[in-house]
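When the chains are written out, they are named A, B and C in that same order, and each has its own residue count from 1.
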Amino acid sequence: MAELAQLIDSEVFLAYATYTTIVVLKMMLMSVVTAFYRMTRKAFANPEDASTHGKGENAKKYLRTDPDVERARRVHLNDLENIVPFVIIGLLYALSGPDLFTALLHFRIFVGSRVFHTISYLVPLPQPSRGMSWLVGYAVTISMAYRLLSMSLHL
Amino acid sequence: MAELAQLIDSEVFLAYATYTTIVVLKMMLMSVVTAFYRMTRKAFANPEDASTHGKGENAKKYLRTDPDVERARRVHLNDLENIVPFVIIGLLYALSGPDLFTALLHFRIFVGSRVFHTISYLVPLPQPSRGMSWLVGYAVTISMAYRLLSMSLHL
Amino acid sequence: MAELAQLIDSEVFLAYATYTTIVVLKMMLMSVVTAFYRMTRKAFANPEDASTHGKGENAKKYLRTDPDVERARRVHLNDLENIVPFVIIGLLYALSGPDLFTALLHFRIFVGSRVFHTISYLVPLPQPSRGMSWLVGYAVTISMAYRLLSMSLHL
């Protein structure tokens, strides 16, 4: 990353870039998981998808919801609701000059919590596994936002 | 924000960072609102969540939708659909060198419109309160996008 | 973009800003499409919206789902799931110093694939039109993420 290193010569920013890429790829993986469940459970949302698995009345019966598909979709939406705020707040945080150790701690705990969240949602593990992993990720983003707002308010 | 001030020595960028952090925190608050309604209304989407509030058949009856929960979820999704574009377009806009007064006007109107949108959605206030607040926020993002595209097109 | 050009003097970044603005505007357009279908099909999610089209029992019957509205909402959610990762990974990619030709190829193919995705979803075109256009956009984001992770890992 020659140019990036010149532009933003910061270990913290490179760490941010790495962890963000990993956690966004994890979020994108949910599209594949949902598609897998849709095809193996034969449960589609669009007539044009169902009709690739049957003709006429046979196709119509595949236009349905399935618990596993809905579960995968909820994981994906929860990722959007939590990973996108992390990426946004994390970018501003990474540019605000935190020390590398603290920043890495934030990024690692967040990515770990979201991987565990996905596992505990898909298995599913009994509560409060999923609730706690959600809370840990949420707290990391709040912690970064708190630093940003306490350092400087330009209202 | 010592380092950030050196990297991007711009009042506009600091204002962007402040308003973005506030509006993303507002979006994240919707997770708490939804969880609050799910627990007080006892309306869950997952069997493992419902079973923390009852056993066997008793748990099954909590696997249901509730109008307040669905309303909170719609606010959250609407936030994702509108706040995320603001954050993305706003970042590019803040880097494009607008004057501070104009930029602050955009950021303040947007954040105000989204706070009012959430209130008018959750109360709910009669239409067109929510519709108008949505439109104002939408127009702010379009205005910033227009400036970006009219200043430079690198296709 | 005087200041931006000084801050980040990069053709690649300006191209990123242009294509991102276009594809985010395309995503925002889905709000208008959904609102259009809701009003022409008279299918609303909120009682306060339905009551602008009728009184009492008449309003209640407009509280319903409609296939065209649901289709537009699925396009919008699919955009969020795919365009937001492109914008995030694309920003880091644009800052990582790729050559202009390769970067433009990524940005153009992605934006083209998403425009075609929306058309093939809304018409709808028979599968695998939509599936293929989704896959092309997905592959572009994976390709940029692969470059980022292979160039530097700061774990």
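We take it that a residue touches a chain if its C-beta (ideal position, glycine included) is under 8 Å from a C-beta of that chain, and two chains touch if they have at least 3 such contacts.
To keep track of the chains, here are their UniProt names: A, B, C = Microsomal glutathione S-transferase 1.
Because the structure is predicted, anything quoted here is derived from the model rather than measured.
Peer 1: Check the residue numbers that subunit A and subunit C use where they touch, and answer same if over half are used by both copies, otherwise different.
Peer 2: different
Peer 1: Overlay subunit A and subunit B by their C-alpha atoms and let me know the rotation angle in degrees, rounded to the nearest 5.
Peer 2: An angle of 120 degrees brings one copy onto the other.
Peer 1: Quick check: how many Å separate the C-alpha centres of subunit A and subunit C?
Peer 2: Distance between chain centres: 17 Å.
Peer 1: Would you please write down the residue numbers of subunit B that are in contact with two or more other chains?
Peer 2: Where subunit B meets two or more other chains at a single residue, that happens at 8, 77, 80, 84.
Peer 1: Can you name the residues of subunit A that touch subunit B in the complex?
Peer 2: Listed in rising order, the residues are 8, 10, 70-71, 74, 77, 80-82, 84-85, 88-89, 92, 95-97, 124-128, 130, 138, 141-142, 145, 148-149, 151-155.
Peer 1: Spell out the residues on subunit B that touch subunit A in their complex, using ranges where they run on.
Peer 2: The touching residues are 1-4, 7-8, 11, 14-15, 17-22, 24-25, 27-28, 30-31, 45-46, 48-49, 51-52, 76-77, 80, 84, 87.
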